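Two complexes are shown next, each including chain A; its partner changes from chain B in the first to chain C in the second.
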Partner chain A sequence: MDEEPERAKRWEGGYERTWEVLKEDESGSLRASVEEILYQAKRKRVMETHGQVRLGMMRHLYVVIDCSRSMEDQDLKPNRLSSTLKVLHPPPTFSTSKGVGIITTKNKRAEKLTELAGNPKKHVAALRKAVDTVCAGEPSLYNALSLAVHTLKHMPGHTSREVLIVLSSLTTCDPSNIYELIKTLKSLKVRVSVIGLSAEVRVCTVLTRETGGFYHVILDESHFKELLMLHVKPPPASASSECSLIRMGFPQHCVASLSDQDAKPSFSMSQLDGDSPGLSLSGYFCPQCHAKYTELPVECKVCGLTLVSAPHLARSFHHLFPLQAFTESPVEQHTDRSCQGCQGRLKDRSVFSCPSCFSSFCMDCDLFIHDSLHCCPCCIHGPSVS
Partner chain B sequence: MDIIHFSTEDEINLLVIVVDVNPLWWGQQAQREAEFTLSKCLDAVMVMGNSHMAMTRTNKLAVIASHCQDSHFLYPMKNWGSSDGATDDASCSGDGKYELLSVTNNVIAEEMRNIMLKTEIKGNSTATLLAGSLAKALCYIHRVSKELAVGQEMKSRILVVKASEDCALQYMNFMNVIFAAQKQNILIDACVLDSDSGLLQQACDITGGLYLKIPQKVALAQYLLWVFLPDTEQRSQLVLPPPAHVDYRAACFCHQNLIEIGYVCSVCLSIFCKFSPICSTCQ
Partner chain C sequence: MKLNIDGLLVWFPYDFIYPEQFSYMLELKRTLDAKGHGVLEMPSGTGKTISLLSLIVAYQRAFPLEVTKLIYCSRTVPEIEKVVEELRRLMEFYAKETGESNNFLSLALSSRKNLCIHPEVSSLRFGKEVDGKCHSLTASYVRAQRHSNPNLPTCRFYEEFDAVGRQVPLPAGIYNLDDLKDFGRRKGWCPYYLARYAILHANIVVYSYHYLLDPKIADLVSKELAKNSVVVFDEAHNIDNVCIDSMSVNITRRTLDRCQTNVDTLQNTIQKIKETDAAKLKAEYRRLVEGLKEANVARETDVYLANPVLPDEILREAVPGTIRTAEHFVGFLRRFLEYLKSRLRVHHVVQESAPQFLKDIFDKVCIDRKPLRFCAERLQSLLRTLEIADIADFSSVTLISNFATLVSTYSQGFTLIIEPFEDRTPTIANPVLHFSCMDPSIAIKPVFQRFQSVIITSGTLSPLDVYPKILDFRPVTMASFTMTLARTCLCPLIVGRGNDQVALSSKFETREDFAVIRNYGNLLLEMSAVVPDGIVAFFTSYVYMENIVASWYEQGILENIQRNKLIFIETPDAAETSMALEKYQEACENGRGAILLSVARGKVSEGIDFVHHFGRAVIMFGVPYVYTQSRILKARLEYLRDQFQIRENDFLTFDAMRHAAQCVGRAIRGKTDYGLMIFADKRYARADKRGKLPRWIQEHISDGSLNLTVDESVQRSKHFLRQMAQPFRQEDQLGLSLLTLEQLQSEETLKRIAQIAHQT
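Coming up: the complex of A and B.
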């Protein structure tokens, strides 16, 4: 074990003079300095663009939700379980994922709530029903991980295999040695990340360090949401994952009108899962076998072809071409006092300028552009676009 | 079932109208059909804006002109800042019209005149850069939603009046803007004057808005008022034009053909029509 991380955790070591970081404002509140710390962390995240590193764009991700007794704790309103389910819904578009699945763990066992699927509708429905589950017993990290690995080890090599655990309990009840399982995970290249709801637990630190994931403990609900967003970004691909061209189909949406004589209503393949809308005239037809589906993305049950639509792939483009961070400068240097994005007055301490077109933006616009828009509004006025 | 829907006092409806004022296209249009020129189009847009503001006291409006190299806010103007008051000389319109509407019309006309006189035209493309205007509209909506008082909710939508053709280079930026709008629950409606626009059809389909290609340009005001004025709750009770069939097939990177089955690189997501062991974009 290294000595370095140990020293930071010693009570005297990591906690020297922490009061100097916090500063009170005129009314005595610490909110400004806490917000400043969180804001700096956000800026750091924007700054560290991966550049030319290959990203693992196709991901298979299992989300493990702890349903043990500690989830009934009311430090997150109304209780931890409802808060977790609220943060997960609407499911953040793990848009680059081929599939997301949900596993719950309680009573020393683990249970698969939904299988790996690209379409979020099933997960949303399952999460909505999960609000009523009774939280009891203790979680089992070993069982949850082995259940996830059972499916993930069959996934093809070019996809990334990930597990995200939301753990609120400080204990885990495992049938056998978890360090052996960690070795297995490492050899299968499964990346495990943990979001802790109560406190740092040593076994999670080792787990995430060995497999190459992240371990964070939340401060409050908004921090929880931010940590979740951290996992939406695709992680750098490991060097040994193969790069290959995957065959995919792009079906057309055919709508037959009621007045067309040849139009025949038909069942879609989603009937096989039991939640069918019945007979319908319109749908997506697989280009290879002409099986009908109502929604995309889906894997064709008849011929195995993955069916997607072009916007699904377009959703992930902003990860491949990330927007550069804007340069910060004090507001006095700028004579024009209005923000080029929202036309409002520049009233913050600093102004953000795009390095390519040098237009200035206010802080709100800067955050909005980097979180949601992913393109500079003034740069895209130029006709030359990659 | 309640037939009439009253919006509550605290709900604000913001409509952002993006007008395509590409001077090259409008110049050619004036030679083709003299009855429908840019000023008639702006008249129709002003009527639409006035009607929207007259529906409820809490409705808000913004108008953006999308030029071939830049976009400008026609209304509201920059130097108003936080004050909502109108300038003194514009308030005496003399014909008894609601002050806010006459001020709005004057401001829009004045700004339009300024833009047309001052902007130099570089290049000769008839394609307008809509993605930039939509991005600015989203930033504006984001700012207004932050400035709301406690307890007020806001619903916004964007109406695009498009004249010229699509610019194919804008695809990726356009899609980024559309997904940002979808995440914020902002509808994008499109009223197309001349040629069908695949990008706008996708935008309307993804965000849940309406797409309409107008059969007769001179009746623009009628179409705007009948189809695009009602907001989302009222639209469910009206019979509106059916959604257009959107072609979501992807184009391959090597030949730009539309393909139904393709090969997607797992690293860079480029689409090819034939299999090859090495991806040509990323290796």
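Coming up: the complex of A and C.
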């Protein structure tokens, strides 16, 4: 406690209306009506995932984090910056992202925290470091976007170019007319999405509408996480984007000493980027040029081949073949009043049942199955039981 | 869609309808059926205009003999244009659905300045110049002179119109100002005179209030409109002030000086004419002996709208002998003028009634009441006889003669105040004679008497019962409608205390209080950090705003605010203000965010809408009472108390609250819009203030939001803004605040609709 003198005391903090959270529903109250709308939206998201659409599986994504003064606001605990970093911290595996990069903006400037890279480790490290940054000044949407565009415009046409902005401030300080930049973004097919931490800002509405992205404003922390998850799912590829086959290498992990007695520890090629040096015997060897890497996924520094392991691909499998939506029915129709997922009693108005094994689930389990598990537990379990 | 309003088939040009629109139409229908007057309040952005138009047009089609004409009065030219566009939409819908082209003629009318197509005249900048120039080209005697001297300049558009325009009626259709101009150019006819002529047989006329209320203009334009018309005053919350302004006269020393030159010119012209054309003056004299009989005949046959300046009695009498000849009349004017000059030489404030003034003028310069009453009429006659082309130059003497007629005609309802200096600058002598109308009903009375239905409507008319009282009429319907909402998109908050518990108020005693000013600054600062895009802040007066802003500057509050948003300030100068507005909108548009500091009762508070991101929050600093020390106001309050039993305090509060409601209402211009309404004054929490807000605002003020501190209101605002930023689609509204035809016909909805109208 003594180490953090700058963090405000409880009584110095913002005025909270904690009792309002407890309010479950009140006829016609604002909270109830908005929650109803949110519930519908939640369901809609599950429903929407179906149908055969071509997805842009290869993504290039820049995450822009606002580090302006307003990030010190304490309406998310302990403050907006820490909370944002916490939400981002186990970086949501942005499907088969070809690369994620992080840009921060403060003091009317934008700077690149990490370059586009497929490997999440570096971002984790960078984010961990970022917790201590001082938030100051105003953000600049223009600078951040032009920095991102600078790199993204060189990316090949079959991959998607995306920017996700986490914006806390309600103002932006731009060196020039942002509407010109929006036009450029549109022509380059860069998709910009924004997650607002405080309120709806007009320029973001226009920005996202023009570039085809999403604009969401958070309600609280859990909603924040939910909104971020939305962006994990690869976006449908636009019809105009190119298609091409991609060469990929699947190197096996080998320990050099086992096959060759003369082997000496060697450096990894990824060290060229200035990662922590370390000699090792084992590693992944590029099937094309035999360059050595300690971690996957990575793009081979020597021959440019994309190196992945099978689980990486498997992880994005569910995006292509999603689990079918469960059918909704009122609770009265069910004799069995317990959820197959959590074994709890079904309390909600409606029950969701799997179309193939007809087990019923509650709303939360339904969401969990569709968001995280991506397969119906009863279907997998079923055949072995019978 | 096709609606059944109480047995009347109404075509509504949209696929969806708001429940309150349906309810509004029901009330309107009832008013028209009863051939009476109505007062209807419905929030802005809920489609008042289209409801009015579609119902009345349907009524006109169903009962063509009952209602022949709709006269729609609005305030500004952009509003007039908007009404015409809605009307066009409605008529296109009619044409599409019924398949027949109907023969409705609807047109907008505005001043010459907006309608003139003469290449030289239309390039003039001020309305007065355009009027004067037009008159010098088209007056009847100018044209008569041209017969003898064809080199005189003419307006070919007017000549062309005069030659053929009257024979051919304007083809049916919808004409806004530009359409009229186009039509005029095509045909080579003057659009202004064409429109003035066409309103006589048009089905729908859209024009400004003044064409009906200002006696000088109404006499020219509107006096021949048919009796069975429906008159609608839209945005009518200020109608009493419009009435009063149109009947009041202010005379300064400059007016008198100009008047003096006018009289000299008159004298010279008379001399000249006497030498050249004495017969003309003789003819005029004979006409005056005959009296104003002619005008009287016209009125009896009920063709004309009564002119409140010229009451009936005058018409029965002949012009008195003392002012019948031109020289005598000029001499009379001179005497009157000298008398006024002497009155303006006072050093203390004088307040007297009209009879007192008449007695005084009789004692001092032996001017009787009777010739005074004929002054205005006599001057008009003289100006006609003398064939003076440029009427604009004679505005001062016309003003004086109008004053003479008014002061001698009305012994009640007016007061005369002479102030030797302005209150704020007691050292600078600037004498002004106010002849001020106390009773708005005088100007509007002919309208109520003449037309079978007069509808007064606006977004903010609460409390409804005041209007019938001060305008002196008996409405058959009075109703206030609320806004049905799928989500609560307005958030009124009453901030009564600062974070340090100092009571916030703009009342006189605490006005200079440092703590209050600081807390007001703090409120704006905190709000600027949580509200996106645009904030509009209203102060009670320019002086108050200047003081506060200067004080904020010294305390460094402005600097802090500018980190969040740019600051723009409204000034009394129109050009500066429109510049500030433009930049304000630009800053809202590109994400920088902006604050507009403006004044209640100013230009911004009345005419400018702040839709969506242009106004996410409105902050009302203080209660916008009028300047209560003004003598005119005091006299008016006294009059209201004596005549209508309205207590001073009630009227002041009513007036303040309707302006406050106007200001905060700027933010919400529709159901998809949302905005905060912050009333930053402790006094708003009192029942007498709160109760006078329109119902659609009142019902969202919960007991919990009555006396908030700055901190609490910031938390609420944050919460509200996050909720409102969630996606909101049309489907969410359907069935609740937006109805399809099927939904409208369900039993349950009809029951709900019945509750929307709040009868008083």
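Some points to look at:
Note that the second predicted complex is superposed on the first by the 302 of 386 C-alpha atoms of A that agree within 3 Å, B and C clash if a C-alpha of one lies under 4 Å from a C-alpha of the other, contacts with A are read in each partner's own complex, and residues count from 1 in each chain.
Throughout what follows, a residue touches a chain if its C-beta (ideal position, glycine included) is under 8 Å from a C-beta of that chain, and two chains touch if they have at least 3 such contacts.
Computed from a predicted structure; not experimentally measured.
When the shared chain is aligned, no partner comes close enough to touch A:C354: not chain B, not chain C. In the superposition on chain A, contact of A:S70 is made with chain C only, not with chain B. Once the two complexes are overlaid on the shared chain, A:I165 sits clear of chain B and of chain C alike. Residue contacts after overlaying the shared chain place A:C204 against chain C, while chain B stays out of touching range. When the shared chain is aligned, chain C comes close enough to touch A:V217, but chain B does not. Contacts of A:N177 after superposition on the shared chain: chain C is touched, whereas chain B is not.
Interface residues of chain C facing chain A in the complex, by the touch rule stated above, are 486-488, 529-533, 563-565, 588-593, 612-613, 616, 711-712, 714-716, 718-728, 732. Those residues of chain A lying in contact with chain C across their complex are 14-17, 20, 30-31, 33-34, 37-38, 41, 69-70, 75, 138, 141, 170-174, 177-179, 196, 198-205, 216-219.
Contact residues of chain B toward chain A in the complex are 69-71, 73, 76, 78, 81-82, 123, 125, 129, 131-132, 135-136, 138-140, 142-143, 146, 167, 169-173, 175-180, 183-184, 202, 206, 245-250, 259-269, 271-272, 275-277, 279, 282-283. Those residues of chain A whose C-beta lies close enough to touch chain B in the complex are 54-55, 57-58, 158-159, 237, 243-253, 255, 287-288, 305, 309-311, 313-318, 320-321, 338-339, 341-345, 362, 364-365, 368-369, 372-375, 377-378, 380-386.
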